[in-house]
Structure formats: C-alpha cells, structure tokens
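For reference, chains read A, B, C, D, E and F in written order, and residue numbers begin at 1 within each chain.
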Amino acid sequence: MTDKEPRLLLFHAPLLRQDMTTPRTMRDVIVALLPATAAAVWYFGLGAVLVLAASILGAAVAEWLFAPRASRGASLRDGSGLLTGLLLGLTLPPGLPMWMAFLGGFVSICLGKVIWGGLGHNLFNPALLGRAFLLATFPIAMTTWPVITPGEFGVQAGNLALPFMQAGADGVSGATPLGLFKFEQQVTPLAELAFGKIGGSIGETSGALLLLGGVYLWIRRDLDWRIPVSILATVALFSLVLVLFDAERFPAPLFSIFSGGLLLGAIYMATDPVTSPVTPKGAWIFGIGVGVLVMLIRVFGGLPEGVMYAILLMNAATPLIDRYTQPRVFGHEAESS
Amino acid sequence: MNNLLTAPAIMTGIGLFFGTVLAVAQRFLRVDEDPRIEATNELLPGTNCGACGQPGCLPFAEKLVAGEVEPGQCTVSTDEAIESIAEFLQVDAGRAEKLVARLRCAGGSRQAHQIAEYRGFEGCRAAAVVSGGGKGCAWGCLGLADCERACTFDAIHMNANGLPQVDTEKCRACPDCVAACPKDLFELVPLNQHLYVQCNIPLAGEAATQLCATACDACGRCAADAAPGLIRMEGNLPVIDLAAGGPPAPEAVYRCPTNAIVWLDREQFQDQETRKARNA
Amino acid sequence: MDNLPWIFVSALLVNNFVLTYFLGLCPFLGVSNSLETSFRLGLATTFVMLVTAICAWILNTYVLVYAPYLRLICFIVVIASTVQFIEMLIKKLSPALFRAMGIFLPLITTNCAILGLAIFATNRGYGFWEGIVYALGAGIGFTLALVLLAGLREESELSDVPALIKGTAMNLIIAGVLSMAFMGFAGLFSST
Amino acid sequence: MKSFRRLRRSFEHGVHPAHYKEQTENLPTQRMPFGEHYVMPLGQHIGVPCVPDVDEGEPVRRGQLIARPGGFVSAALHSPVTGTVTRIGDFRGVDGGFTQAIGIEADPFSTQEVDPEAVPDWQSLSLDAFIEAVQMAGIVGMGGAAFPSHVKLSLPEGVAIRHLLINGAECEPFLTNDHRLMLERPAALLEGAEIMRQKLGAVETVIGIEANKPDAIDTIRRHIPDGHPVRVVPLKVKYPQGAEKMMIRSVFGVEVPAGQLPRDVGVNVNNVGTIVAIADYFLRGMPLIERVVTVAGPGVTYPANLVVPLGTPVRDVMEFCGGLRPGSREIVMGGPMMGRPVASLDVPVLKGCSGLLVFAEAPTTERREYPCIRCGRCLEACPYFLNPSRLARMSRARMYDEMKDYHVQDCVECGCCTFACPSNIPIVQLIRTAKDDLAHRKEPGE
Amino acid sequence: MKKNESYEEFLKGIWRDNPVFAQVLGMCPMLAVTNSAVNAIAMGMATMFVLVGSSFLVSTFRNVIPKQVRISCFIIIIATFVTIADYTLLALVPGVHKELGAFIPLIVANCLILGRQEAFASRYPTKLAVMDALGMACGFLVALFSLGAVREILGDGALFGVKLFGDSFEPWVIMILPPGGFLTLGVILLFFNWFKYKKDEFLDDVARAERSGADG
Amino acid sequence: MSPDTSKLNAQPSALRLVLTLAVAGLISGVAIIGIYESTLPTITANKARELREAVFKVLPGVTRMQALVSRDGDLVVVSEPDKDEPVVYGGYDDTGDFVGYAMPGAGPGFQDTIALLYGYKPEEGLVVGMEILESRETPGLGDKIFKDEEFVAEFDALSVRPEIVSVKKGAGTAPNEVDSITGATISSKAVVRIINETHAAWAERLPPAGKEPAIVEPETGGTGAGP
C-alpha cells in the first residue's frame, strides 16, 4: 500500500454541504423575473427589450472591465452582474435612450459593486443605485413615460437617441398611476394595476406576475419572506390609517401596494440579501422602515414615487440595524444593547 | 460716521467680555494635568497616525510623561525631534539598537517537505488549525504569509522558497508579525547580531533531518566551535547567550552540517547557497 | 411664511447640512470611523449648534443692528469663545469624552456647519424659536448623516475594498450615495 | 406552542444533512485482528497528559496500566496489546504535530487475553473511590470530545444531579458505532447506566436517541430491567442533536447558560460508548483499551463497524478494510461535520475516535467559493444563535478582538453554518482561526 | 532653473501636498461652489486673497502674539480678511457673490487657512510663509477648478458658460447637484491615488533595479 | 500690540492676553469699517438697481417705484422699511400715475425656500408678471419656474379672483388657471401657492383700487436707491 499511498488532503470540516449555491440563487431570481419581463415586452414592445439589453450590457461591460485579472469572467458567471443589469432595466422607463440605460448599468456595477470590493461587499443595492444616479442625472428622460400600446412591438421614440444627446422632441407622454393620483387625483382601477395596462417603468407593469415570481422565490427559499411581508403590510396599514382620515386625498391600501414600483422593490430589491439586515429582527425593522419611508415620500413628499429612495435609505441604515439586532446567543440572557 | 466708533467699541467689548469669562472659567474649570503633557504634545508631530500603538499623539504624550513608552516609539518623528523630546523629559530616547524581525526557521518549500496537502482559506493560522497544515515539520514556517499581511510597514514579502523575507530597512520592529505567526517563529533581534539560529525543531539527529534538510540535528558543533559559553545546547537547539560568551564570531557556523545556524549580513535567506559555498 | 415643522424637516432631511450644503465635512469625513465617537460628536455638535443659534439671535437682535458689517467676526468670536467654554466644561466633566473627540473638539469652533448655521439663520431672518428649531434640525441631521456614514464605514471595514479607493475617496463616494438617497426627501411636507 | 415544541423533542435551528448511514448501519460489529505496532499518545483526552509507568523495552500485558494520570483532569492508559514497549518519545499525533507517546510492539504469539483485574464491587465503593476507579480505568467521553468521565462525576458543593442523560443521538452522518453498540449490547448499556445513576444519585436515566434508529429504541426499551427508572426518548432527526447542550434543550427544554456545565442544570450527560465502558470495567474488569469505530465514507473499499484496539495506526485499519479506493484523498477522524482530518496514515486510533471516514477529493473541496452575500442561512442554522456570517467576515478582516463582542467564544464548531452556506465559505475554519489567535495572544500577558 | 527654498514651498502646495487631494482640507467650499468653473475660480481667488493676506500678517507678527491666544488672533485676522473679500466681491461682482452666497463668509471656517497659520505661518519668516500660502492657495485653486470644470462640462455641457457640445447635448444634472460633487471628488481622488500608486510602483522598480545592479 | 511686553517669553499675564485680543479686535474693527464704508455706496446702488429692474420687469410700463408698508391700517410710503417689516413696491409710469404693486413673497419649494416678486394690478385684479428672485430647485426640472418662458408667461395676465390654481399642462383654460410644468409639478404649485398666500396676506391691507398712495419723490423714482 505504501507506494500507492496518496498524499492526504487537509480540508476543514464540515465536509458536507447543502445543495443551494449562490449562483443558483441569482438564477432563481432571474427566472422569477421572466414572466413580468415578458409582460413588459408585450405592453411596451421592442423599446423595453432594447432598454433591458442596454442596461444588462452596461453591467456586463463594467463587470468585465473592473474584475481583477485573475477572476475575470468568473464574476460574470455567478450571474449577479446580469441580475443587477436586469433589475435596473426593469426600473427604467421603456422610452429611455439606450445609451442612458447602458450608462446606468455601467454605473450600477462601478458605483454599486466594484468600489466596495465586489459581490457581497456592497452596502447599497447596485440596481437602485444605478437608477438613482440616472434619475438625478437625466430627470426628464427618466420621468417621461410613453403611452402604452400592448402587442405592438415598436421601438419607442426616445430609445435610439445618439449617445450623450437628448431624446429629441418628446412625443405624447403618458403618466404613471401614482403621478395621476398625486397630481391629478385620478385613481387607476385595480385590475389594470394588477395586470399591467399602465404606464410606468418596464418592470412595474404587472403586479400579479411580480407576486407570482415572489411566490416562486419563496418556494425555492431564495428570499427572506419577512422583508416583503413587512413592507407590504406597513404600506397597507399606513394607507388604511390615512384613508380613514380622508378617503379622497389619500390612496387606498391596495392601490398603494399595486401602484408604482412597490412590488418590484419589495420582492426583488429590498430582499437583496447583501444590502438588507441579516438578522430576523433586523429584517422586520428594515421592512417597516421601507414601508414608512415609501408612504412618507409618496404622500407627503414632492415625488410621486419613493420606493427607490426608501430602499436606498434603509440600505444606509442596515449596518446600524444589524448591529443593534444581534440575536440572543444560546445560553445568554437577552442583551439590552 | 459713528460707525468708526461702534465697530471698535463692539469688538473690544466682546473681546473683553469673553476674555474675562474664559479667564474665570480657566480658573474654576481647570483640570489639573501635568503641564509636561501639553508641552510634549507640542513636540510630537501631531499626525495622530497611531503607528506608535496609541490612539493619537496626545495619549502618546500622556504615556510618555508617565514613562510607559519611549520617545523612540514614535516612528514618524525625526531623530532630532525624538532627541529633543527625550531631553525635555530627561529619559532615554530608546533607540539604542535597531531591532528587526528574524524568522527562526529556514525550512522553505525546498528544504522541508509536506506530508499532506492543505486546502482552504489562505493563511498560516487557518492552515495550522486544520491538523497542522500538512507540513512535515510541526514547528516550521507554513509559508502562507500571515506575517506579510500583518505587517503594517510592508516590510515582509514571501520569497520564492515560500519563506517571509524581512526588509530590514522597512522593518520597524513592531510586534505585528510576532503576534501573527501561529508557530511563534518571529523574534525581534538586534540588526547587528549576526549570529542566528534559524531552526525550531526540538528533535535531534535523524528524526529532525528527516523532516527538513536545514533542520538543526543538535550535533553541537557550533557550541564547540564558538567562544566558551556563547552557545549552549538546550532542548536540542543551540541557544546564543551574548552575556555569557564573548563577541560572536563567524567560526561557530562553519561546521554546521545543515545551515541551521548562520552568520547574517543584513537580510535573512539571501544568497545562502553562495555563502555556504564560500564557507566550504 | 415658514412654519416650524417645515424648517425642522428641511434642515434635518431635505437640506441636510452635510449632504446638500457640504457643511461640516471635516468631522464628517474625519471622525466617522467609529460609530460611538461619531454619535457623541454629533450630539456635541448639535448642542453647540443650539448654543450658536441662541448666540446668533442675541447678536442679531441686540448688537448687529448697530453694526451689520461686524456680523462675521462677531459670530466667529462669540462662537469660538462659547465652544472653548464648553470644551473646558467637557474636559472637566468627562475626560473620556474629551479624549474620544481628540483633535476635533477645537475644530468644532471652525466647523463650517456651526458658522453656516448662524449665517443661514441670519440670512433667512429667523426669529428666536425658528432659529432654535433650525439648529435642532441641522444638528440632528448632521448626527444622522454622521452616524449613517460611520455605520457604513464600519461595515466596509469587513469588505475587500480595493486599496486604491480606501480612505477619503471611499468616504466621499459613500457620502455621494447618501446624498443621492436623501434626494428622495425633496419636497417633503412642503406641499401639504 | 411550547407543548408543541416539547412534542417534537428538539432544539431550535440546526440543519438536516443526509444521513449516509445505510453504508454501515446494518453491519454487525467486527473485531479487528491484532497488528504489529501500537502507539499510545499520553494525551488522548482533554486535560493533563499521562505519565508513563513503564520503561522502554519492558514487556506489557494487554490491559496493563502503562501510564498514570498526570493530574485530576487526566485518565490512565492501559496497554491495548500484550507485547513490548519499544520507545517512549515523539510520535506523529492526530493534530499533525508531534506528541509524547508510548510505542508498543505486539507479541505475535500472545493469545491477547485480558486478565480481569480484581475490580472492587462498585456498590460498596465510596463516591470518591468510585471516581478514582473510573479515572484509573482510563474512561473518557467516547462521543468525540474525550473529556475524562470521572471529572463529571465529582460535583462541587450544592450541585445535585437529577437526571442521567445518555446520548445515543449519533447525529453525525455516516457514523453508526453508537447505533450498533445500542443494538448489540443493550444489556451492558443499561447496566452501566444503572451504576452511573446510582453513584450520581440521579432520580432518572434518560436515553436520547434520534428517531431514525427505531430498532435501537425498541431494543433498549425491551431490555430495561424492572425497577430501573429508565426512559428512552426519541428525538427529532436534526443535526447537532447529539451536542450535549442541544440534547438537554431537546429533552428537558432547558438552556444551559453560557459558560456553565450541564451539571449546573442538574443533568449529567454521557455517551453510550462511555456508559458501556463503565459497565465493562466494573462488571468485567476490562479497562478502556479498545472501542467501536465506524469505517465508512465513499473512499473506503469495505465499510465496517470495527472493534479497534486503541493505538492502532490508521493505516492498519484502512488495510483491514480493503484499502482506499483510487482518488480518495481525505481521511477524517470523527464525523463529517466536526471530525478532524488526519495528516498522516501513521496516526493512531484514540479513545475519542468514533469513526474513520474516507472521502474523495471531489466534490466538497472543489466546490467554488463565492463571496458572502449575507443571505442569513447560517444564522438560521446556528444552534447557538450566533451570527456566523459576520464572524467569518470579521475573521477574514482579522478583527479577532472585535469578534469577542459577537460571542465567538460560544461557538462549538458544530459546522451547521458552513453546511448551510450557499457560498461555500469555510466559516467554521475562519472562526477557529480567530479563536486560535485569541487563545494564542493571551499567553504573553500571563 | 532657479531652485530655492521659497520656490520649493510654492511648488509643494500645488501637487505633493495639495490641500485637497493630498491633505483633504477645505472640503466644504471645495464641494459647495464647484458647480461651475467660474464659481470655482472666484472662490479660489477669494481664498487665495484671505490665505496669503493672513499668512503675511500672522508671519509678520508671529513673535508678538502670545501662544495662548494665537488661535483667537488668527481667527480675528482671517475673519477680517474674509469680510473684506466679502464686501469687495459684493461691490464688484454682485452676480458671482449671489451664486457663492453664504460660502464666502464660510471661508473663515476653511480648515486649510487656519491650518496653514498654525502649521506654517506662525513658525516661519514672512517670505516663506507667503510663498507657502501662495502655493497652497494655488493648489486649492487648481483643485477647485478641476472639479468645477468637470462638473460644469458634464452637468451643463459648457465651460465658463460656453456651450461645448451643441444644443442637443443631454446635461448630466446630477453633476450640478450635491451628490455629483461628492462623487466627482471621490473619483478624482481615486485617480490621484492611482497616480501615486503607479509612481510608487515605478520608484520601487527603480530601487529594486539599482539594488540588484549593486549586488551583481 | 506693544512690542516691549512681547519679549517676555514666560507665562504672559491674563491682562496681556485680553489686551492682545482687544488690540487685534480694534485693528480688525477699523479695517472692516474701512472696507464697509468704501464699498457701501456701490453695494446699495447695486441692490437698488437689482430691485428696480425686477420691479420694472414684473410691472410692464412702470418707470418709477417706491416702497410701501402698512402702518396702522394705512399704506404709507417709506424710504427705508424697518427690518422684518413686510413691504410692497408701488410702481408708477412716466407721468407718475399708479400702475400696480410689485409684491415680494417667499415660501417652501421643492428643495428649499423660493423667493419671488410678482406684479399685481389691483384695478383689474390681475397678476401681470412674476420673477423668481431666489430658488434652489432642481436644475433641469424645478428651475423651469424661471427658465421656462412659457411658464413665466402664464403669469402675464392671471386673475387672482378666485384664487389661482395650477392644472395639468395644456388643461388651463380659465383666467385663474396656470399650466404646471411637466415633471416639476411641485415647484409650479409652490409658485402659485406663494402668490396666493402673499395675496391673501396683503388683501386686507391694500387700499381700495384708485386710492393708492401717490408718488412722493418724482425725480429719482424710488426709494432705496440711496445716495
């Protein structure tokens, strides 16, 4: 036996692992987003495809460019960059010039991931960071909503603007349900909100399909259910209280939940494990915080929509939340810190 | 133009008022502290860099005055500045001898063999907890660069033989590497101590040399060749006792069969092969 | 005209001193490496701001009407003296706190947030209570930004932040992102 | 909710690895033939090493005392074979380093009979004499920790034991040695339990067994003699059910406070192997010189449950089991979750060695590592409610001191977090590295 | 090239000890008024005036001012210069003054100025102090201008108000907003670090080459 | 700063410290006075010119103006309004006939306080012009309240009876309706609200149409122009 004797390997226990892997989580989220993406393409046509492609490309280029030489390509394969590009694309208006979407994807990865040290180290949701950057940079293009034309697979007027140039004369511009409510006191019917025949970002058209994807993720154990549940519950409760004061002026709970990017944000962005608290108690606090901020911005703020800002702000608070919600350790009395 | 009068009047008034208030406050709120602390702080560079191990210059000054640290521990100050502090505080500057970190092992990947292969998180201590890290010699350098990462001054770099090479110019003799090494191989030695034992194996004879080509086999030749008392054998390893023996001379290393005891010029592990050839 | 809640929210969130006016950046970037210290510094600054608001109001009402051109120098001198007084007080009462602030306590004097507060409050013609509320909002807003940044920085200590970007560049970018997130508060309570 | 939890007989969190016990659970225990060389390290247990009681070249009988305890927290050593002491000195140890040990060469012509020592009647022994007898029998915890058993028996003033808890959970995958012991020697187990219970003055013996061993539960229940207050409690199949604090939580619903011992909540926990060793000594005069070892894993040719004399080199055991399959690279002493890999085939089987598992290089070791995405699965897995994600990241950043605030010292390295990690991060190793550094740094101050 | 001490003092402030890039001082005005190149230059000039003026005075009277009240005296001197700058700007260029707003008086609180008085002017003779102040102020001006130019070019498609890219250029509004200030300065600092890193690497290479040359 | 005392290197007396500060203050006071006095005329003239230009802009056809404050229920002409005293400006044409009021207002906008001046003709009950004096609204969006000529032109003839309302772009038909700027609804609304609030605040205090104070200083055409 001595001559065949292998040099033994020293690898620290445990030697067993469960099946879940990080790239699989990323793939699951992408799969969960597919129905809503397909619906968006149906409603918005080729424009949506172009915007999504541009933002994904932007993310991939940045990912490739800034990866350390040794792991170049590896960071692309884990799917997180792709997911960031897709999520960003879903939060953009379908008529956005492609170069802006590309820039957004690029900035998402640079500002949202690379400078922090890559996947797992970022403290803000990269996709939302990219969107916040775009919204602050191109406020007009980012709030120009084309009129919806289901089944017509045309390109939107703005999509093809030359790099660094304006989208040209803005054509007929639609409005989002939240904008309509906030500035013109018009309520969009719930059925339209749930199934998507509404203006707005690419990904927020169909609330029902977003929920479907969320259920899929929950079944696959890919998401911390506490966060979406607490966000949606807080928003509903907040709305309910306001409606009890003045049903005319304030939005109804279901309208609040299904309008705007709340479902997209609550299910796919706020639950980004990297940027949300890791402790269960922290997850509740995080969700409640997002819910309150969303309603605060939507109802009392100057903007019709606040999901993005709410999540980013709570991202900023996540280290603090995590720090002060450490679980009680077995055999220790609950600590009061 | 009564402005010409109001302005100076107001200014002087405010100046006098607050001057008085502060003067009174100074008297009643004064914290009794050693005036030398403030004076010492003035002499320090004020960079609050923390390289001395204190949170800032003021705490360092406090410790200086209390005699807990030596002026030389401020790595940022120039020699003159340190002298002036030492003079002011009437203490020893504490920079008599330059110490550098030396590794008590010369068994790199060429000399010492592995019995098993470590897989996992890169780092000596991390490897050491997994059944010793797989190196045949249980006392030797694992070569996974914990010291390189721990060094604040970028003075340690792993060489091609998998051993940490200390840049004696950059080394400030802080104890970072000493603390980082899981096998306790680093020690701070005066730069001008040329005679050095670079092995840590407590085994003797073949048991030791089987593990590592440059292991000390406890033959005792160095002790015999050196000035009486300079080197004694303890736990199968030579121990250099500068106090007991005369000034060390390079003869002690000539007959060492494994190069476990060496005569260092400046850096460790540098051109050992050539030196060996010359000595032979 | 301006009402107190709006002044408060405006100074706290919408026009956060650090994140939109860039005031008080030195301590913001310098002291934010530890959560504990930054919280205490934030409280100290808030307190100094309150004192400053009172000083500014007294000066504006009783002194500067006679000599408006002395505004800047009076503010500086009075605030500096007051802060120095507070510094002595802290040194006496809590040496630990004094040490934690390190070299930044004297710097509160020349902290632009303090002076900026006095100047802004004067430019906007705030009265006594308005000034107090403004100072409170600005101080708490400063503390909030400082504590958020400190939390983020402590967290990023655990990350493999590229060596090139570590340090001030990183802090500035985190501040930029925070500032971007705070843009969401624009218009808060102004339209209701 | 509370009663519901009691019904399920479990603790909170934990993980559910596949068992992999099919390989050996139905294989009866075999006795391994005697080999040539034996190595008895002087420190086979937690605590002070033993002091040799023999000289080089001295002949020894199987079962003869060869080393005396070096202190109170120490247990005696007995020769596993009849033969000659070859050398007392440095031998390669299980931790990869060198350790003081007694090398024995077996006498190939000996019958290897044990002369039963004249064991005093346990019932007439005073508690102190009983404790000393256990120590001199060399009995240590056989679940893996190898903590000298007699230490658990000596109670400080004011502490009383109400329950004797016998740990038959065997929650580690692959291992079946306790399972076989319970099936094959239920009577010895129950005898040993009664000795311990009476000596401890406990009111009840509870045997906790994971519900995936219904045959063991049945067998033991059938063998309980009349009048013995023994209760067999089936436990939920969950790792680490066999960790003593977890089992106390499962059976009695009590948390043992951090830094305290089971005795502080009135419980004495012992592994089934230990209890059988007690019975073997006090009823048959046989000190601890051999133990049951499960040899299993994908890399072993003939998996088995073996009675192995202590000190047998791992090489001999592997040869007896048909050798390693091609491509097998890692041998773990203990279970796959908490076991230690061995660096060399020369290392001997020790008192605490419950299994020898052989793995191929793939797949665990080659799985790619991804950055921590803070998914929180490790928090949900950790039975101690720690934050392994944070601990691992702090360890990587070498912030060892700060880790104390996050209770790094409470970690028992059960491996749940690492098992659950989708990013394949060696969390346990990182935590151990930190603990090692912290322990190491304390020394200069002393 | 004539190289003397005062010239050295002047140069070091522009690059090696640049107050913004290397010492991270004077961040408030640095970020607050750099949304256009003109504002940046105006602020830079005002700061230069105050810095040079007060350094001159402080250095001249450095032996007269008692140590205990030196900070107060510095502040009074600086505040006086700032008030002068404030009124002068208000009288001469009211438009720029309105843009810079409260940040002119806030020059008083610029750590750079007080820092230079404390660290340099109060210890060295007048000529060196003035050169040092000039260097620092120029370095500050360079930093302000580079930030202001980047922000104006991207944020407005213009430099000094002159459109660079034609009318259909889509301005990057964020550059004029506060986050743009933080982010741009962060990125500039990143480049500064990168440059330093490259330089160090180069110097290391040279040193290594020299050492190996000596060995051989 | 007396040079003879400065030579004492040891602990200087408290008196000397206070004296040094006082002397520094004295010198600085003198310097400041100097610059203040020498720049004051220019500054005042600048301010007056700015104000006059703004007033003339919001009140077309006006060539002269004077400051008016409300005292004891009467609108009186003042040359220098007291601090914190609300003031409006009366605008007069070449012949000295009253044209309308230029009314300053301020209030919270999207980002920060917006300060504006609007021209109001009491006879017709119309707002005839609006100029933003100060705002920090978002560039590209909110700043359209003064950059968007269409929006500013909305205020050329705007009825304040009933109160002004802002409506969606293109929907404004009634004389009291203002089309909001797309994407900057809040800022547009803020402007309207400030005008409404200012108007409400002054409604009681303005004399009935036709009874406005006559111009006092016919030659220079306004107050605040200074010497």
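Points worth noting:
One rule holds in what follows: contacts are C-beta pairs under 8 Å (C-beta built on N, C-alpha and C of every residue); 3 or more make two chains touch, one makes a residue touch a chain.
Please read these numbers as outputs of a predicted model, since none were measured by experiment.
Interface comparison, B-D versus A-B: the pair with the greater number of contacting C-beta pairs is B-D.
Ranked by how far their CA centres sit from the centre of chain F, the chains are topped by D. Distance between chain E and chain F, defined via averaged C-alpha coordinates, is recorded as 35 Å. Look at where the CA atoms of chain C average out and do the same for chain D: the two points lie 60 Å apart.
Averaged Cα coordinates give chain C a centre that lies 29 Å from the centre of chain F. Separating the CA-averaged centres of chain D and chain E is a span of 68 Å. For chain B, the set of residues touching two or more other chains reads 3, 7, 10-11, 14-15, 115-117, 119-120, 129-134.
Touching of two or more other chains is recorded for residues 69-70, 73, 77, 159, 165, 170, 173, 177, 180, 183, 186-187, 190-191 of chain C.
In chain A, the positions touching at least two other chains are 7-12, 111, 118, 120-121, 133, 136, 139, 302, 322. Chain D contributes residues 390, 393-394, 396-397, 399 to its touches with chain C in the complex. Touching chain F in their complex are the following residues of chain C: 1-2, 6, 10, 14-15, 65, 69-70, 73, 77, 124-125, 186-187, 190-191.
Against chain A, the residues of chain E that register as touching in their complex are 165, 168-170, 172-175, 177, 179-180, 183. Only residues 139-140, 143-144, 173, 182-184, 302 of chain A touch chain F when the two sit together in their complex.
Across the complex, chain D is touched by residues 1, 5-18, 20-25, 78, 118-121, 224, 273-274, 276, 278-280, 283, 322, 326-332 of chain A.
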